[in-house]
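Per-chain residue numbering starts at 1, and chain names A, B, C, D, E and F are given in the order in which the chains are listed.
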């Protein structure tokens, strides 16, 4: 039987807001949103764990993951007027 | 005979609007728009199902899919003034 | 003899405008602009048809095509003030 | 002896301006700027012609080229206030 | 036993701010943020060192890393009103 | 012994400014910034020369390099209000 992630891990935007107190919180939100996108497409935890083994040791896949986070952070930073 | 998706799955922008009530709805819209782009290019459900098997277990393809969603969400978030 | 696309398929921006009535029309324009870029670089219909066979069944290439559309749509959506 | 492109093909921004009369001219400028970037990095015409054979028949490379044009066009379209 | 990076190398946004005095400092921040994203996903120093050997001699992976930095710098430059 | 690039080739933003007189100068700055990113990650000239042989004849890698330049140019063009 598939080992499905709980709903809390599958929501698109945790807390349903792009606004954060600090850049650091905004960055963590970007990372979470990126991860949850993957969770929404592939909610089977066993498959995700297999994938983790592969991408976490691949410089190529780590770099691609960093691009996703960079794109999400662009959106969050703009939403927060860059915490100026 | 090809198993073609219904028109409702092939529209470019569901509900013909980028405006949503909440970030979460905006995120779901981004995911739908991304999926519908694929549907428009490849409306054959059997081909799509074959593809799903491949990308849903590939850390690389899941990451690429996450980039598409991130790009669409940038547009939707800007359209909604980031739900500020 | 090469089977060359007509000029109407090779124009960069169909109708020479980024402005559309609705998000849906904007989305279709984004798809057309993306396709016409390819047509401008490779106007030989036979080569394009060969390529179509390849990318339309490849989850990777479909995802990459979706990125191009997402980028073009960002421009068109901004041009139209997001149809707000 | 290397067959080097003339300087006119190696300038970064033809006419030294991002402003154009129409979206179509802006699109052609985006394509030219994309091409000239390649020319600046690799000005040897023989190498470029070899490369052309490869990318012009590869759906993957055509799609990647379309991304470059999409990115350059974002800049040009913003420069021209989207020809509104 | 895994050789885990210290917390200072795993924070998302060093100094918790996107604002810098100069473009050069902004650029260094972009590079640091890009690197820290990788650190957050993969904090094992031994794995990172193995990866470094691979990407630092690969023109492809160096180019992909440069894209991540370019994306992060877009955000930082906007945050600082481009140091105009 | 490694053949290390001089510091002038490893600075992130040459002249520590994004502002230029003309689009052409902005474009050349974009190319320099892209190149310096690579230099910062990999300052060994011998490794860079080996890599150059590979990417300068690869249509794929030339296209990826063009994306980096396009992204950096987006930032520089915005910084200069598009030289309007």
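Basically, a contact is a pair of C-beta atoms (placed from the backbone, for glycine too) under 8 Å apart; a residue touches a chain by one contact, two chains touch by 3 or more.
No experiment lies behind these values; they were computed from the predicted model shown.
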Chains touching both chain B and chain C, listed by label:
none
Have a look at where chain C meets chain D and say same if over half of the interface residue numbers show up on both copies, different if under half do.
different
Need the most distant chain from chain C, centre defined as the mean of C-alpha atoms.
E
Rounded to the nearest whole Å, what is the centre-to-centre distance of chain A and chain F, using the mean of the C-alpha atoms as each centre?
29
List the centre-to-centre spacing of chain E and chain F in whole Å, with centres computed as mean CA coordinates.
17
Quick check on chain F: which residues sit in contact with 2+ other chains?
58, 60, 64-65, 67, 71, 74, 78
Based on the touch definition given at the start, go ahead and assign the chain network to line, ring, star, complete or other.
ring
So, starting at chain A and moving first to chain E, the ring lists as A, E, F, D, C, B
Per the touch rule above, chain C residues touching chain B in the complex are 22-24, 26-28, 31, 56-60, 62-67, 69-71, 73-74, 77-78, 82-84
For a test of understanding, state which residues of chain D touch chain F in their complex under the given definition.
11-13, 16-19, 33-34, 37-38, 40-42, 47, 50-52, 54-55, 58, 60-61, 64-65, 67-68, 71-72, 74-75, 78-79
